[in-house]
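Some structures are shown below for you to check.
Presented sequentially are two complexes of chain A, the first with chain B as partner and the second with chain C.
Moving on to the complex of A and B:
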């Protein structure tokens, strides 16, 4: 069972390192799309999840609600990874 | 005099500039057209540009090549940025698009202020793609308009340290393998079909209302996913390209699209005077173009694979690696890779226009247009962007490749497909 909080920690580190500039104050609640997260960022993030947790999440599973924040994205990923 | 390095993307833009000029076109230059609600003072614009030139002498730089090409940046302003006032007349915009910048003399941009009959004005900002990409150009224009906007570092940082030889050989091997795989289904771009036409580019703009934009966004989200409007635009463009090829009897076994991928981290604009773009090369076979769903699947699969393989950066890295080659040799190598082609269609999607450009020097901007050059093969390109939340696209074509009627057909068909996928 993968905990959503573990995924959130992993995603936050990845997003800060690979997607957003150091000037962006990224918190678990930051609106990802509002901060500039785009489709290429999403594919990179899904690939990172695949590398770290061993399962590919199809883009179609990611809704607008899941991109409301890193926390929401982690919760969606946890649900699918634990299925 | 100081110097600054060109990165791999700059080198590709420099190569395209050479290729366009070699074929008798003006060069690899882009335009932003701002339609203003009123007039601005030409003198006010000149003063603002003079201040920026003093602060950023790279605006006067020239590219010199010894072993590798470099910007040679003068210590002081050597020539003012051209600001001209023009009376509106038929054919003026086309003429300005095809008037070359004297890049070798350090003329990297110019401003044409077109006085329209209704008391309005258009600002036509032309710059060489070698200096910066479209996102950076929007930010630069915003800073011209508003002196409170601080521009980032004057010089682009040096490119990353060159790879060691084993890594270089591996990169070359992988790149050749990728192109060989593409060429198993050989792409053939549109060729010169109107040899007597002038060596000029022209463009058409399609605008969508807020209601139409919402419909297109909904179609895109349904077909490609929540964030993937650019993918929907690319898919619509390649589907229409396929129909255009069929209509013109230009058979090809596949279509190659270079999809630009921004390199700047989200939330950052620097380095400004530099091209910060990678190219994701994707291939579509005719059988993948039977339905929009199949085309989307092909695009998504290749995007994910390219990120897994890190192959998006091949072109940029190789361009940096081989920047010592004379441009004539480099363009031959580049075209040789795809058996004579550069791509089947130039595609761009710059997303939302910088919101700071809704006014320019205190005057409301009524409309905004992006234009970019396309090399004469394929001689066709399309750029998508949103201004005040409304979608627009610009179709750019070489007159030697497509007639005005053919370009109008392509443009109208693409518009229809976006609204009715």
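Moving on to the complex of A and C:
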């Protein structure tokens, strides 16, 4: 069982490092799309999750709600990774 | 001739027709032509020499399009520069492509405002880039065998021919509305230029997920989708009841279509995905409009005016694919190599292995060329290898595409360490400093040596594994 909070910590570190510029003050609640998360960001993030947790999150599971924040994305990922 | 005149023609023919939709803004052909003229005047005041090369570093936007045409109006050469490039890569592009300036949305080093949200960074260059007397319009990067980056150079006339040829297959007209999501820095000529030549409407879809994309299709009654398998995969897996009844043409480009994407898309929407073969040096070579369901893995038959032949076919008819047709690039820019020396007896040898079936459908079996397609972005291994090889712990490297069931291909690298105990802990950080994010390998494999050809010792490239 992978905890959503662990995924959130991992994703926050990844997003801060790889996706957003240092001047984006990314918190677990920041709206990702509003902060500039685009389709290439999604590709990189899904690849990172696959590499880190061993499972591809199907693109169709990534709804607007899942990108409302890093916390929401982590919750979606946790649900699928634990299936 | 100048491509800007073709857009002006569209604007005179139907001034009130919507050319672009960007977020909530609709811009008519007349307004677009006016915006182009106004930007062209501002660019003219910068007094570049005719034929000077100018980089364009913008995300998908009306400004991207208007600046391209404004540069053309000033007889300047447009060089698309991906927005994700870190400063060091920008510097390298500027030097290799002999850019006189870069226009950007965000100010770069020495950037000065030119217009709202448009900055210009000018560079001191000793002599103007030599275009060898050609009426050049555009240089697009591709990889080289002798250096990390070379440019495919195209004249206004070549682009016009290429666009006309492509539209003999697409049959796009002013009645069409294109829902657009690919990066313009990678896809522009047989797409955006074509749409504007015929007076179609382009809706810029910035959406990351399927739902708003489908809403855009239905809100604007989109008739044409042109995207990478990744985008169609996103749509095909949408769970809602939304349909795309207005769509008449869904073209899958940039890399081989995974079988489940083709099937799922058809099951979900009742529309076939048409695989297309586009090559940077040639434009659109083939489109499978004739039998996309049964032969989803074929790029179809060559389009009008193109001829394709298989060189030295084996007993199964498999050999290297060579192409002849309109719109073949005029030269490689760095180092300069004119068209005659690129072609072999008038044919462009693609480096792809392929075969025809009995009905004349072309099947690509493996790519001998090294370009990797990551969800619509083109990645050239040589560029990445050139960066990796600068790392003190890396003796040499080989970058390749690994087939990924959802993305087409992903970037991976094999590295040979300079010493058995050489440290590569900072490799990711090193890559981020030197490469755009999408080019950074997802995985690094440490290997004892790289495969080389026995005679010439050239790095052996295989198709995506």
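One rule holds for everything that comes next: the second predicted complex is superposed on the first by the 83 of 83 C-alpha atoms of A that agree within 3 Å, B and C clash if a C-alpha of one lies under 4 Å from a C-alpha of the other, contacts with A are read in each partner's own complex, and residues count from 1 in each chain.
The criterion applied here is as follows: a residue touches a chain if its C-beta (ideal position, glycine included) is under 8 Å from a C-beta of that chain, and two chains touch if they have at least 3 such contacts.
Because the structure is predicted, anything quoted here is derived from the model rather than measured.
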So, after the overlay on chain A, do chain B and chain C clash or fit? They clash
I'd like to know which partner A:14 touches here: chain B for first, chain C for second, both or neither. neither
**Message:** Looking at A:59 after the superposition, I want to know if it touches chain B, chain C, both of them or none. Which is it: first, second, both, neither?
**Reply:** both
- request: For A:24, select first, second, both or neither according to whether it touches chain B, chain C, the two together, or no partner.
  value: first
Which partner does A:39 reach: the first (chain B), the second (chain C), both, or neither?
both
After superposition on chain A, the chain A residues reached by both chain B and chain C are 19, 33, 37-44, 46-47, 59-60, 62-64, 67
Residue positions on chain A within touch of chain B in the complex are 19-24, 33, 35-44, 46-47, 59-60, 62-64, 67
Given the complex, residues on chain A that touch chain C span 17-19, 33, 37-44, 46-47, 51, 56, 58-64, 66-67
Per the touch rule above, chain C residues touching chain A in the complex are 84, 181, 183, 206-212, 230-231, 233-234, 236-239, 374-375, 377, 404-407, 410, 432, 437-438, 442-443
Counting only contacts in the complex, chain B reaches chain A at residues 224-231, 261-262, 264-268, 300, 303-304, 307-308, 351
